[in-house]
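One structure is given here, and the rest of the page talks about it.
Letters A, B, C and D name the chains as they come in the text, with residue numbers starting at 1 for each one.
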Amino acid sequence: MKRFDARITALRSVATGYRELRYEWPADLPPPSPGRFFTVRAGGRYDPVLRRPFAFSAWSPGGAGEPAEASFIFQVRGRGTRYLAELDTGDTIDVLGPLGTGFGKPRRGSRPVLVAGGIGLGPMLYLANALSIDARDGLCEAPVLALGFRTASLIPDVAMPEGTVICTDDGSAGYRGTVTGWLEGYDPGAPPYLYACGPSAMMAAVGAMAAARRAPYEAALEQWMACGVGACAGCAVRLRTGQYIKACVDGPVYDGNLVDWGAML
Amino acid sequence: MTQTDKLDLSVQIGSLTLPNPVGVASGTFGYGEEYAPLLDVNTLGALYTKAVTLEPRAGNPAPRLADTPAGMLNSIGLANPGMEAFITDKLPFLRTLGCPVIVNVAGSTEDDYALVVERLGSEDGLGGYEINISCPNVAHGGMAFGTDPALVERLVKRLVSIRDRAPGAASRRPVIVKLSPNVTDIGLIARAAEAGGADALSCINTLVGMVIDTKRKRPVLARGTGGLSGPAVLPVGVAVVYKVSRAVAIPVIGLGGISCADDALQYLLAGAVAVQVGTAIFSRPETPLEVLGGIRDFMEREGVSEVRCIRELL
Amino acid sequence: MTQTDKLDLSVQIGSLTLPNPVGVASGTFGYGEEYAPLLDVNTLGALYTKAVTLEPRAGNPAPRLADTPAGMLNSIGLANPGMEAFITDKLPFLRTLGCPVIVNVAGSTEDDYALVVERLGSEDGLGGYEINISCPNVAHGGMAFGTDPALVERLVKRLVSIRDRAPGAASRRPVIVKLSPNVTDIGLIARAAEAGGADALSCINTLVGMVIDTKRKRPVLARGTGGLSGPAVLPVGVAVVYKVSRAVAIPVIGLGGISCADDALQYLLAGAVAVQVGTAIFSRPETPLEVLGGIRDFMEREGVSEVRCIRELL
Amino acid sequence: MKRFDARITALRSVATGYRELRYEWPADLPPPSPGRFFTVRAGGRYDPVLRRPFAFSAWSPGGAGEPAEASFIFQVRGRGTRYLAELDTGDTIDVLGPLGTGFGKPRRGSRPVLVAGGIGLGPMLYLANALSIDARDGLCEAPVLALGFRTASLIPDVAMPEGTVICTDDGSAGYRGTVTGWLEGYDPGAPPYLYACGPSAMMAAVGAMAAARRAPYEAALEQWMACGVGACAGCAVRLRTGQYIKACVDGPVYDGNLVDWGAML
């Protein structure tokens, strides 16, 4: 973990309202694993005060004189992300990371089923790519990545791993319906190991299915954060046990079967 | 011109000497370990811990944070592992630090505060107590204590006498009372704390604020209101310190919205003997050290060799 | 979906109907003429004048303004031409306006307030009075009145009875009491004003703040402290309105830090029936009209046809 | 007077820490006269809240399809001016103006003597250029513009009217000493009509000389402003009479013989 000023190496639009930003990764930091995140100062000296958290969507080692690069995909929502969207290649961003606890490995022989919607795209892409390698190495079955969109024009222009399932609410591409609708009818052919990141309603629906099928479920949650390092207790998430744990260090990935989805909605 | 190595940055708070005037504020720096990878905690003037209460507290429901113009709201609700877990899990690390550690103490009743100060009196490795009578984020205690002069005086008197009876050096630990700006006349409360025997005062805790999410049509914070901190409150804190440091003879520690050396210098000129950096650490963890550097530069530029003399420049 | 032309934007303050909920705050809009070239004053929901006092006042020494993070301080000190000059020099223009004009009244003594309300009672062209018991920038009166419930009730009672005895329509002009956030429990003051017969409340006036110029080593404002306004205080104002609108049955007008429609909607959801835009006018004179446009959009989006029903959405 | 978004047509450095910025002037606004000013939003949505005031340093009518242009010269001081300095040609600035009351005309037959230091440069250049035309038309004697700098490297790279006197504290260019020192020894050869803009100490010194010589004196003052249009009374300046007048509408140019220089320092 480190705070550093990172040079932006690429910033491009990948879909309506979505950008991919790549920046130089310091040589003395280890690569971030899928599900981990960083925070960035997204504005001037004062405003906003809170750093904005984003999950990694890719990491490349560089080499041959080229620096390593980290990437993330973000949706332009409010002033912080608007600020980021207006930066240029060569500008610097103030990064604090890598933070948090990422995704765990699926059980041997199980089928990783990755479900993403909206801003969950980035971390799920990163995880799907990592698990494809694990599958090649025989550590799990080939992962399936299911992505949900309102309509075809929102499908991002990014490389997707083989076997990605696209769902659109209006049927303009791929499966017609929600990604959870698709999941309902899907036969994984092996014990499923569920991963999800996206809107709370989607996460909760996947949670219900996981509970019904008694499947392991790792859920990456979005929660307001202040420090990002476990110092402020601002990002607390309530578990079914009534206990609060910190999204920034214990998360952002949780055992979805322990999350109190009712309290999240 | 004064030479940097000749600068006297030390600050006296009762019997406690802080190596320099820049501390980190309660609740924004956990119990020290969390930020240790990001800045050298040993170089801090003081570390004020997250509040410690008698029993463990889970804190308030989420969301607990909201963004505001040049500020933020929190309603953490004094989430903390409780006094005993603090002693077993947090204190060992804190004892390894080269900077004074001041425990922020909170409670729902006078007894709560008293029991915590009593119990901590038998533990070494602590520099002092900061009595939080000003938290706006809990239903009982917290700010309620901080708004009634008679209550303040009685509580402080009791804590001071408990402190006095502690074994050894613990009997000389300063009792610092942290005041709320959410009162009509903070001078009254300050004088009550002084009359109760406080060794110093910390000003300010957060202001009461609320943000409403107009899309969801409900307050952003689960608890409705929260405590406002960050640059937005800087002028409020400076005005309070200016007033309080003229109302009492004990030292005043200034905080609220400090994000750079100039902000800290405003507090020192206003009459504070030391400062704390809070919310700005979230934006930029190195802020406390940058603030200290800037105070040194100012002292050299102004030819002031003792940090305690800065206030005389105003 | 609701049709724009079907929206009912009118707001009732006692017997006065405001055409829409967005007014301009006292002290930030002079007496209307100054900003007339920059926005159509007739489209405002209400114009609250700069404070009017019995005698002319030069105001405080300069500098009277300072920048703060997302805010500003002012210590104008109720500079105004006095009641008689207001009537002869300012009122004729104000009478030509298509929007209700509410005179902000201030004084050093109860008699001062009483004499102004009495005298204005015989002038037509005014929509109501906003009683400023909350100005932090004068040595006597001002905020002192606003912090003592008994004083507030007595003053309001007296002004209401003077208003009641005025000739004709002037006897029905609403008396709006403007509250200070610089108190321990604003609910108490609000209930005192209500008990005195106030028709409505305005919340909030400015917070007390100070900025110190660390180069010159003195406060930026000649008077030391000033009133903090602007976006920085938005969450404080929203929290106050949320609290006060639940403490009283009379309408509450919300202000403090509004710079866009979303800010105004936070106040309306918190319980305000109307809002005022102040400091933001300095940054961007068209703000009040933009705010009104955004409120209309919200009502259409949410299918709310009466602006007074917005608060029910929370 | 109008609030408008103006396109920046040029922004260049003219001396260490000084920039000249030119922007398009709306066709429906009259040209601003010397001594008048405008305010600009110098930052994001919130911060700083107060608009920054600047005096015009030139105005050109444009024509042949080219828009009219206004110019100002500014010193980079704090966050507002830093923000302006980082803008680019083609960006827009949010301008409110023209505001205030500018300089009066000198008496017939008198010699306009213009004294400037620091940020007073812009308005004095503009005034000197205007008075040179008046002098050609016989309305006054040829103006003399005296500019004071700490050292030669601070002399701005801008066209200066004929007869400009340069003073440097260290003697690295022109007269060695302060501009008021120069003024002390200067014989105008006609009744002087004094104009000044710059640091308060300089303005006060010129004020003392004006009083001693019973010369008319127009002084442009710098004063914090909030509204800029006379609505807030924030910019009050105290006259010798004890009366306060508003810098933004009654000023920023004052009868220097009425200013209470003691209260300004």
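Just so we're on the same page, contacts are C-beta pairs under 8 Å (C-beta built on N, C-alpha and C of every residue); 3 or more make two chains touch, one makes a residue touch a chain.
Remember, it's a predicted structure, so these values are computed and weren't measured experimentally.
Between the chain pairs A-C and A-B, more C-beta pairs are in contact across A-B. Chain A and chain D have CA centres that are 55 Å apart.
Centre-to-centre separation of chain A and chain C, using mean CA positions: 47 Å.
One inter-chain figure worth recording: chain A and chain B are separated by 36 Å, centre to centre, where each centre is the mean of the chain's CA atoms. Multi-chain contact residues of chain A (touching two or more other chains) are listed as 45-47. Shared contact sites, meaning residues of chain C that touch two or more other chains, fall at 66, 68-71, 230-231.
With chains as nodes and touching pairs as edges, the resulting graph is complete, every pair of chains being joined. Partner chain A is touched in their complex by these residues of chain C: 69-70. Of all the residues in chain B, the ones that touch chain C in their complex are 66, 68-71, 73, 147, 182-185, 207-212, 214, 217-219, 224-225, 228, 230-236, 238-239, 242, 257, 259, 262, 265-266, 269-270, 298, 313-314.
Chain C meets chain D in the complex at residues 27-30, 34-35, 37-38, 50, 58-59, 61-72, 74, 76, 79-80, 230-231, 259-260, 279, 281-286. Interface residues of chain D facing chain C in the complex, by the touch rule stated above, are 1-3, 41, 45-51, 94, 96, 223-238, 242-244, 263.
By the touch criterion stated above, chain D contacts chain A in their complex at residues 43-47, 79.
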